[in-house]
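Some notes on the structure that comes next.
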Amino acid sequence: MRVGVLTGGGDCPGLNAVIRAIVRKGVPEYGYNFLGFRDGWRGPLEAATMPLDIPAVRGLLPRGGTILGSSRTNPFAIEDGVQRIKRNLQNLGVDALIAIGGEDTLGVATQLHDAGVNVVGVPKTIDNDLSGTDYTFGFDTAVGIATEAIDRLHTTAESHHRVLIVEVMGRHAGWIALHSGMAGGANIILIPEVPFDIDQVCRYVEARFRLHYAPIIVVSEGAKPKEGEESLHSGEKDAFGHVRLGGVGEYLAREIESRTGKEARTTVLGHVQRGGTPSSRDRWLATRFGLHAIDAVAEEKWGMMTALRGTDIVMVPLAEATKELKVVDPALYAEAEVFFG
Amino acid sequence: MRVGVLTGGGDCPGLNAVIRAIVRKGVPEYGYNFLGFRDGWRGPLEAATMPLDIPAVRGLLPRGGTILGSSRTNPFAIEDGVQRIKRNLQNLGVDALIAIGGEDTLGVATQLHDAGVNVVGVPKTIDNDLSGTDYTFGFDTAVGIATEAIDRLHTTAESHHRVLIVEVMGRHAGWIALHSGMAGGANIILIPEVPFDIDQVCRYVEARFRLHYAPIIVVSEGAKPKEGEESLHSGEKDAFGHVRLGGVGEYLAREIESRTGKEARTTVLGHVQRGGTPSSRDRWLATRFGLHAIDAVAEEKWGMMTALRGTDIVMVPLAEATKELKVVDPALYAEAEVFFG
Amino acid sequence: MRVGVLTGGGDCPGLNAVIRAIVRKGVPEYGYNFLGFRDGWRGPLEAATMPLDIPAVRGLLPRGGTILGSSRTNPFAIEDGVQRIKRNLQNLGVDALIAIGGEDTLGVATQLHDAGVNVVGVPKTIDNDLSGTDYTFGFDTAVGIATEAIDRLHTTAESHHRVLIVEVMGRHAGWIALHSGMAGGANIILIPEVPFDIDQVCRYVEARFRLHYAPIIVVSEGAKPKEGEESLHSGEKDAFGHVRLGGVGEYLAREIESRTGKEARTTVLGHVQRGGTPSSRDRWLATRFGLHAIDAVAEEKWGMMTALRGTDIVMVPLAEATKELKVVDPALYAEAEVFFG
Amino acid sequence: MRVGVLTGGGDCPGLNAVIRAIVRKGVPEYGYNFLGFRDGWRGPLEAATMPLDIPAVRGLLPRGGTILGSSRTNPFAIEDGVQRIKRNLQNLGVDALIAIGGEDTLGVATQLHDAGVNVVGVPKTIDNDLSGTDYTFGFDTAVGIATEAIDRLHTTAESHHRVLIVEVMGRHAGWIALHSGMAGGANIILIPEVPFDIDQVCRYVEARFRLHYAPIIVVSEGAKPKEGEESLHSGEKDAFGHVRLGGVGEYLAREIESRTGKEARTTVLGHVQRGGTPSSRDRWLATRFGLHAIDAVAEEKWGMMTALRGTDIVMVPLAEATKELKVVDPALYAEAEVFFG
């Protein structure tokens, strides 16, 4: 039996750990051989492959990134895409495919499964916004990086008299902001699920200063004010088609400065959050996802993906992951609000 | 309403974060005032207290240790212990008690609840061996520290030709060894639940050397060989009543050297694993335990303790935590064995 | 003998370690007592003090920030400033002053020394741009933080096809960019001392992409293009008096995107670089500066400051530190250029 | 021109960074080609080589260990060793050799230079005990690891009532213990240069407990009591030829427990200190050593080695590094003693 493996979508610590676990178990335990597909769905679409055996996965466990490369190629957006994939898999003698990726990658996997391809999925999202699993790998690492940044700002906040803003990842879901803000002891946490009132933010800022401490604000890149600009995140084009300078972090700095008269400084963590070595927890989760994915291939659980439920790895239908975005529950956000101001 | 708080047993990153969350929510949300009891059950037993208000908990979130101190005092081992505690609580006007601790501390809490004291528990064990909850805070931090040590040994293992042994915590349960060994890519993991065969260990060592890599062994301090010495862990007295030099890590080094002729070196992490700032995940868990513990007081859920189930914090009976040690399931250990040798 | 201590200027890891070492040696060794002045020169100017004894400095070694607070108050910009300071010192019975700070703080110290005040200085600058000393504490910590960010970007750079930009501190000197860029393996390093040619930057970017790696650019906040806008750093006002959105990092992203057609993403580390616990090296340096500063008081070396020369701490005239900015030598920058592209 | 490169002696973070810098500058700047010799002097002795070009050094900067391997092979201990090396170098067309290593490796390099081989050296010792250079790479990393361990013990020391002992590297020189002990705020530092009085150690321990803090002791593996056992370090054989269990850390624990009645716990960091990614400072130093070593080859500075003097890299005679061990100056140790007890 020959099994193809691919990784799609944005970078995420733990991708390599999944690949390693698949191969380290699949070769000796099931006698499978493996083929790596390059750059997500571009791999099977263009028969772009690389060897994937035990020597190829040595040393991968702690390494960020993905040796297979990634892309956002969507075979369903390409004429004959599905046929080409099926033909290539047949020509390459690939009997089953393990697709490691987020909403888009798993969406394609679901459709390919419906089209008769033997697919097993492994969910991946640094933002933790996929349904069907308690957590995905990469998220814990990102939260750790953001928390360490907040920790460092605390001492500066105590010595000086500035508002300190940290813009973290999360276009549609505020998980990273919420977890790192709670873990770092932020004074205000702003997430996409709950549009913010800039006046309320300024009231928290002023309350904090009255305690002789400087406020620290953690904000998801996708957070938006209640009224006004539709979206402020980095990379967005403005009305003239120019790339907008600065995202919501800069917006907050400007607004708070002009409304409270206090200086504000912004840290934008950016891609730092999705790179580097995975945390021990993410390595544990990624490794177990890999082990269970290859078991699922052996058990022919096509159309299913690995998922974490409590401390167990279970298999759930691929469609479950992509049916709706997992956003922050208002009740959970309310837990954090007790620390605001 | 006045609420007493105490911490018992060994040190564990996150204790202070629990205390902070209890106070930060209890004061503004419920209007409670708080009294800190010093050094575990010694506090209520001897009316040893300290003030516990919002200023007292500032800056506690990232700090290891516990501002309340700890001890292993057991009021049930002391004449009139329970009566003295009840009398002291009454004299101090304490209506309810939050006990943060492990098996012993929560065991006392259960008995005090049976004796009519209003107690809510928060489970704590760095070893992750308490039942009733998916995880406890402190464990993720300890695993992270052990994993980082293993990471560092890998480069040395590649450049040299020695067996490298890491002895980690875990007298009765191998959770830290298993998680850090999986996350760090150890070649052999030895845990108390599965007595090891020293000849099999040496076969793995030799197999690893044949691949031109040096083996890394992670061993719980409580791991034991199948036959022979009853227990090898540090601090144990030998037949002459002397403190034994070296624990199971040193034992392995000596045995492997004499059986394989390869040099072996041991790292004993010791208390380093239970100190320092909690990981972001442990801060999240500890903070949520604190928030739900004070909610439980408000809801008069006496005799219950906070527990993690998946992503939810729930309340379970105190007795559930202490009824049996949560040890590593053989099926989970078998998952790791695919990476041995 | 009573010795006053103050800290001025921006935050810098190691300030507390200096304060601790002064007190820990000064009390038992010389029998001095100490007075802490609050918020830099505001302290002696307004007789704003706090107690400073051995219990007050417990636990300070690893803590970022400064327990004394800081400010940019300049007594020479205030009428009667010097007289008020001399009067307050006399009234408080302060015989000597240890001033810990950067260019501004030490400039004031020099003038006060000329006016007859017994002053010893300790140089502090996170940017490493003070003359008279090989290094200052805080710099190694900042470089470490920036290097870790670059490390994390490398894996993302390999998996994706974007230009990754890191904006680090350094308004006038490129030390942090140069050291972290060399240590992190950046492909381009831009510093204030060498205005950059945006076309050359784009040529390096394209050369790097031809090797199938994404380029990582480290840029000092004070770096400027050869021609065009005078200054691009964050916080700068634009022609309309508005706070400019985005600094040189955003400028580079926009220019590179429009010239090469490649996506670019910017990380702005900001105040994260000046907060948190000092590195082991900075603690060593700060501690030794503190020990030698109090020795200098005992030896009445007024008008002198501590300095690092090789592995030795020596005393140099205060004026030496402030006479000129220590910028990056072109020959040293040329060493780094071998790694560009 | 063809240049051979080898690494000898124990593992040390930064070795790969030196190799990378040599090649990254030597190829484009001087048009050299390179040959890697495997496992220290075994490489030239047995003509054991590996390719060493720009692709071979990609990604090496942050990686611990050495891609060239290492050994303690001494060609002068082998009949005809020098002749074989000279013949092999000639056969392989190697015109010059860069030897990266410690006392032994550089001692051989010195003798080979005297025998007419074109050698340039790069000093390496994690223990920082080589003369002729302010610091060597790897040392800062080791100090950082030991300091982090001490940091973590502090919270445990506060919560509990145990003596905490950390055994660090340093058989003949106490640099790691001294730097990490100062940076970590240890209460007692014991180094090989100053034999300790166990009664004085116990007096410090008891003084510390009287302040209601638990003492933290940092001890070099080569530290010895004033009288009694000659050497206690790990791996030593006892009178019966058995490997001794436990080193000086265990010895201290046993002695302190029996003399003071207080429990003591030992952490033995071992090889963890010499593995893993180099600190930013060590990468900077290692990279500059590599750049200057290849410049020295171009300038035919045979028999010289790179050295750090202040902030400059200079060339010094190879013999200078090995003429005497650089030990801790009593005056420097005395600086630390102010913090004891």
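As written, the chains take the letters A, B, C and D, and residue 1 is the first residue of each chain.
FYI, contacts are C-beta pairs under 8 Å (C-beta built on N, C-alpha and C of every residue); 3 or more make two chains touch, one makes a residue touch a chain.
Here the structure is a predicted model, which means the values were calculated and not measured.
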Taking each chain's C-alpha mean as its centre, the one farthest from chain A: D
Chain A and chain B, separation of their C-alpha mean positions in angstrom: 30
Chain centre separation in whole Å, for chain C relative to chain B (CA means): 40
Between chain B and chain D, centroid-to-centroid distance (C-alpha), Å: 34
Residues of chain B touching at least two other chains: 148, 151, 154
Graph class of chain-chain contacts, one of line, ring, star, complete, other: ring
Pairwise chain contacts under the document criterion: A-B, A-C, B-D, C-D
For the chain C and chain D complex, residues of the former touching the latter: 24-25, 28-29, 61-62, 134-135, 140, 143-144, 146-148, 151, 154, 179-180, 182-185, 277, 279-281, 283-284, 287-288, 291, 309-311, 335, 338-339
Chain D to chain B touching residues, read off their complex: 10-11, 13, 15, 63-66, 69-70, 145, 148-149, 151-160, 162, 164, 166, 234-235, 242-243, 245-246, 250, 253-254, 257, 263, 265-276
